[in-house]
Amino acid sequence: MTEKRLSPWKKQLHDIIYEADTPMGKLFDVVLLILILLSVIFVMVESVGGLHQEVYDLLYVGEWIITIFFTLEYIARVITVKKPSRYIFSFYGIIDFLSTIPLYLSFILVGSNYLLTVRALRLLRVFRILKITRYIGESNKLKRALLHSRAKIFVFLFAVLIVSVIAGTLMYLIEGAESGFKSIPVSVYWCIVTLTTVGFGDIAPVTPAGQLLATIIMILGYGIIAVPTGIVSAEYAKSDDYVHVNTQSCPNCNAPKHRDDAKYCHKCGQLLNPEKHS
Amino acid sequence: MTEKRLSPWKKQLHDIIYEADTPMGKLFDVVLLILILLSVIFVMVESVGGLHQEVYDLLYVGEWIITIFFTLEYIARVITVKKPSRYIFSFYGIIDFLSTIPLYLSFILVGSNYLLTVRALRLLRVFRILKITRYIGESNKLKRALLHSRAKIFVFLFAVLIVSVIAGTLMYLIEGAESGFKSIPVSVYWCIVTLTTVGFGDIAPVTPAGQLLATIIMILGYGIIAVPTGIVSAEYAKSDDYVHVNTQSCPNCNAPKHRDDAKYCHKCGQLLNPEKHS
Amino acid sequence: MTEKRLSPWKKQLHDIIYEADTPMGKLFDVVLLILILLSVIFVMVESVGGLHQEVYDLLYVGEWIITIFFTLEYIARVITVKKPSRYIFSFYGIIDFLSTIPLYLSFILVGSNYLLTVRALRLLRVFRILKITRYIGESNKLKRALLHSRAKIFVFLFAVLIVSVIAGTLMYLIEGAESGFKSIPVSVYWCIVTLTTVGFGDIAPVTPAGQLLATIIMILGYGIIAVPTGIVSAEYAKSDDYVHVNTQSCPNCNAPKHRDDAKYCHKCGQLLNPEKHS
Amino acid sequence: MTEKRLSPWKKQLHDIIYEADTPMGKLFDVVLLILILLSVIFVMVESVGGLHQEVYDLLYVGEWIITIFFTLEYIARVITVKKPSRYIFSFYGIIDFLSTIPLYLSFILVGSNYLLTVRALRLLRVFRILKITRYIGESNKLKRALLHSRAKIFVFLFAVLIVSVIAGTLMYLIEGAESGFKSIPVSVYWCIVTLTTVGFGDIAPVTPAGQLLATIIMILGYGIIAVPTGIVSAEYAKSDDYVHVNTQSCPNCNAPKHRDDAKYCHKCGQLLNPEKHS
């Protein structure tokens, strides 16, 4: 079975939209980038309020122009790939769709709560900004380090959550509703605010016992803030000068710590036991 | 003297409760996990307040069902181990007991302050959440790193406490009660809030001298926040799962990244070039 | 073509102003340093307010004396270099110019808003403090580490900004204007305040949904605070001033801590025991 | 000239007071430790206020007993060392003196402001807690790491101060007195509160321009919080498995990176050039 082929003009359009190596491809990406930024700024400016009606009209027209451009771009992206479904359900395919649809939806959902719904839906267009990350190629090592330490960070955050639930419950019992600890969920929220050293101060303990417990929570938070940092630092330090070793030992010379992918002993050249090699 | 043996059905129950390798053991653990989470959510929801009486009744029934299940589980855990005392006084034995008992205690402690006491005791059941950690096996390395740096972190936190006591006393002398520094303990509390960079803002210096001292405390805190991080990072870097490799490649199969002390290629068993080995 | 030569007295002045090796050069630098610090303190004291008119007069005279000294210094710096344009458009050339000009500008800009404009312009003279950094030679390694990790930190901060824009928009939709989230830009500002663990508390979520999202933002911020630290730590660890040593000791002089690849003792020149060398 | 000798009973007392190897020495240290802690707790409790007169009388008696013990201890420390001046002007000699004197001074300084002066002086006795650190021997490595990175941390903190002065001045110009930025020193104080991620919230920007500048300051603070951590982490990673090497090369085999104290080449055993050896 032969592969489905794209027609020549589709292939040309594909190179412009998906690649940035040709002058046209570069121009397309820069224009797209500027439009994304403009669109985000438009949404932000609109939310500020207190502007003249003319400005709102201008923003409205501007958003429509950008939405139409994004619509055409979305259609072009779909028709210029061999397997459209692969693009549509990819991360950026979904982001592209979500950042195009809100303005159109404002026509379908008519009624009394018309304006508010539209505004809320249009705000989702801020997700369009995620497109920008596509144009940065240097974030790979950062991403890899985060992925490698993902499991460890998860375990750590889980431990933080458990500590927060218990400490939050104790704070609720000690402080009570008068000082802002209205319920256990609110106390847990306060506890995370404190453990992460954010400390808004909208809720703060006032009783000596509550302040003592808060002190313990903060000292604890100060002591454990080191953990995720240590994890990522170690992950970074394990650059490609280091390889992972396992606990198997050579059947001939008993040398330990072989590379995970080692077939022969690095000390005596003996073939290592393959079934131990996992 | 021969060891005490468990009867067959006890051994089978032991495998289900304590291990998670059989299908039944897995199912038991999943059910237990869900019940623990439900129980914690019940306690939280109850503390929020402002709900219908029916919801409270439902929560009450739900808590009784969970408590009965936990009671049966606790009894099963005790009778299916060879030395029950070892389980009962272990960390999880105590946690299991504390998370089962509160609801029963609400019958014994009758009187005018009945309801409040019950609520307070039932809140202790949140400790049941600690059981969850048992099901995570990946936290070992994290635990080891923390244990190794325990002594250093203790010395560090002790130094932080001394600095807080002295700086807190000075702040009390400088600021006085008007700006919230009511007593030395409160000032020490404020000092820890500041050193740990939490900064609630419920107490804040208002005099120039107080703000100058606060600045010094913060700069100090900023300078020393590095210390626990450095300790844990160094502890992680000392991981013995990794060895240093060099850039020599095998003369036979060209495999790169050999251990510094490797004599033979780990891939093909070829004797490595000794003069390249430096 | 021969190079333009400076006349002898210009060369002497150049050595005094630009270098700190001669006694006169050292004296000049110390005097300059004191004047810069005095000038910054004058600007600060003036801004405090509530002082006697005599103090303001004294500050005014003091600032004029310092400004005249800085003017002469600036002229001397310009005429004693071979290529004046190179100095004028260098980092310190611009700083020196900006720290001299404000007081003169107060004569040109006469009018009703005279005093305020002057004060604002004079405040720019605080940039003069940047001159101090010139006298510290130890900041090179710090600068290099920051420059090397510049790209990574930029990518990281960019990701933080995108997260802030999206999370800020969601907070604006959830919380609304009553709890301080007046517009998307303000919500994004709050989001950065939270992610960076500053947490002023002037704006804080009050709805359960808002507090839940805030919790997620804080946990996220706590998890990713490790990233820039890890980057800089790794950059520092890559210092080539250090080599790995092992625990073997010289068979002749017993000196410990030899390089991993050492063949001879660094202390007595004795051939080291080769089979111990692993 | 022969050394001055201590009489036998003085030598015995010296062993008890200054050393902790004999049972009597250990007992003395433990009693001293408890008295120091009691004294600090007394000062703290007294500052809380709102207690019965009997409690104050008890605290007063307790403080006198501790002060007399400390006086005897101080005299014993002075007479049992060969060179008393060395002890008196050492760090702990001064601390010991400062923690003994306040209660006696309350007799000399009689007058109307009698009580307040006494209280202020007595609060200085909190410095007595510093004695505790003497009994911890594990803090050496921590101290060494901090001392090694002292210069780097100083340069870093100096840079933070300059940024704070400039950013504080700009915030004062943008925000003005209404939102709490009353003067440049207060703005600099706020700037350090923000850069160190403490964020009290007693002062917070309200204008869009001020919030934008605050955002930049926070992002900056978030980016540079990594620097001191990186410094200390790197200092820790350079544990005693690593030695410092210099750039001299062997005159015979040209091998580089010799240990700072190396006399012979580690590669060929050649005597290294001694005048290059610095």
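Order as written gives the chain letters A, B, C and D; numbering starts at 1 within each chain.
Keep this in mind: contacts are C-beta pairs under 8 Å (C-beta built on N, C-alpha and C of every residue); 3 or more make two chains touch, one makes a residue touch a chain.
All of these numbers come straight from a predicted model, not from anything done at the bench.
Of the chain pairs A-C, A-D or C-D, the one whose interface repeats that of B-C, sharing more than half of its contact pairs by residue number, is A-D.
Distance between Cα centroids is largest for the pairing of chain A with D. Chain centres here are Cα averages; for chain B and chain D they lie 30 Å apart. Each chain gets one centre point, the mean of its Cα atoms, and the points for chain A and chain B are 26 Å apart. Between the Cα centres of chain A and chain D there is a gap of 41 Å. Along chain B, residues 156, 185, 197-201, 225, 229-231, 233, 237, 244, 261 each make contact with two or more other chains. Residues of chain A touching chain B in their complex: 151-152, 155-156, 158-159, 162, 165-166, 169, 172-173, 182-185, 188, 194, 197-201, 204, 208, 211-212, 214-215, 218-219, 221-223, 225-227, 229-231, 233-234, 237-238, 241-245, 257-259, 261-271.
Note for the complex: chain B touches chain C at residues 197-201, 229, 233, 237, 244, 260-261, 278. On the chain C side of its complex with chain D, the touching residues are 40, 43-44, 47-49, 120, 123, 126-127, 129-130, 132-133, 136, 138-139, 141-142, 145-146, 153, 156-157, 160-161, 185-186, 188-189, 192-193, 195-202, 225, 228-233, 235-237, 239, 241-245, 257-259, 261-271.
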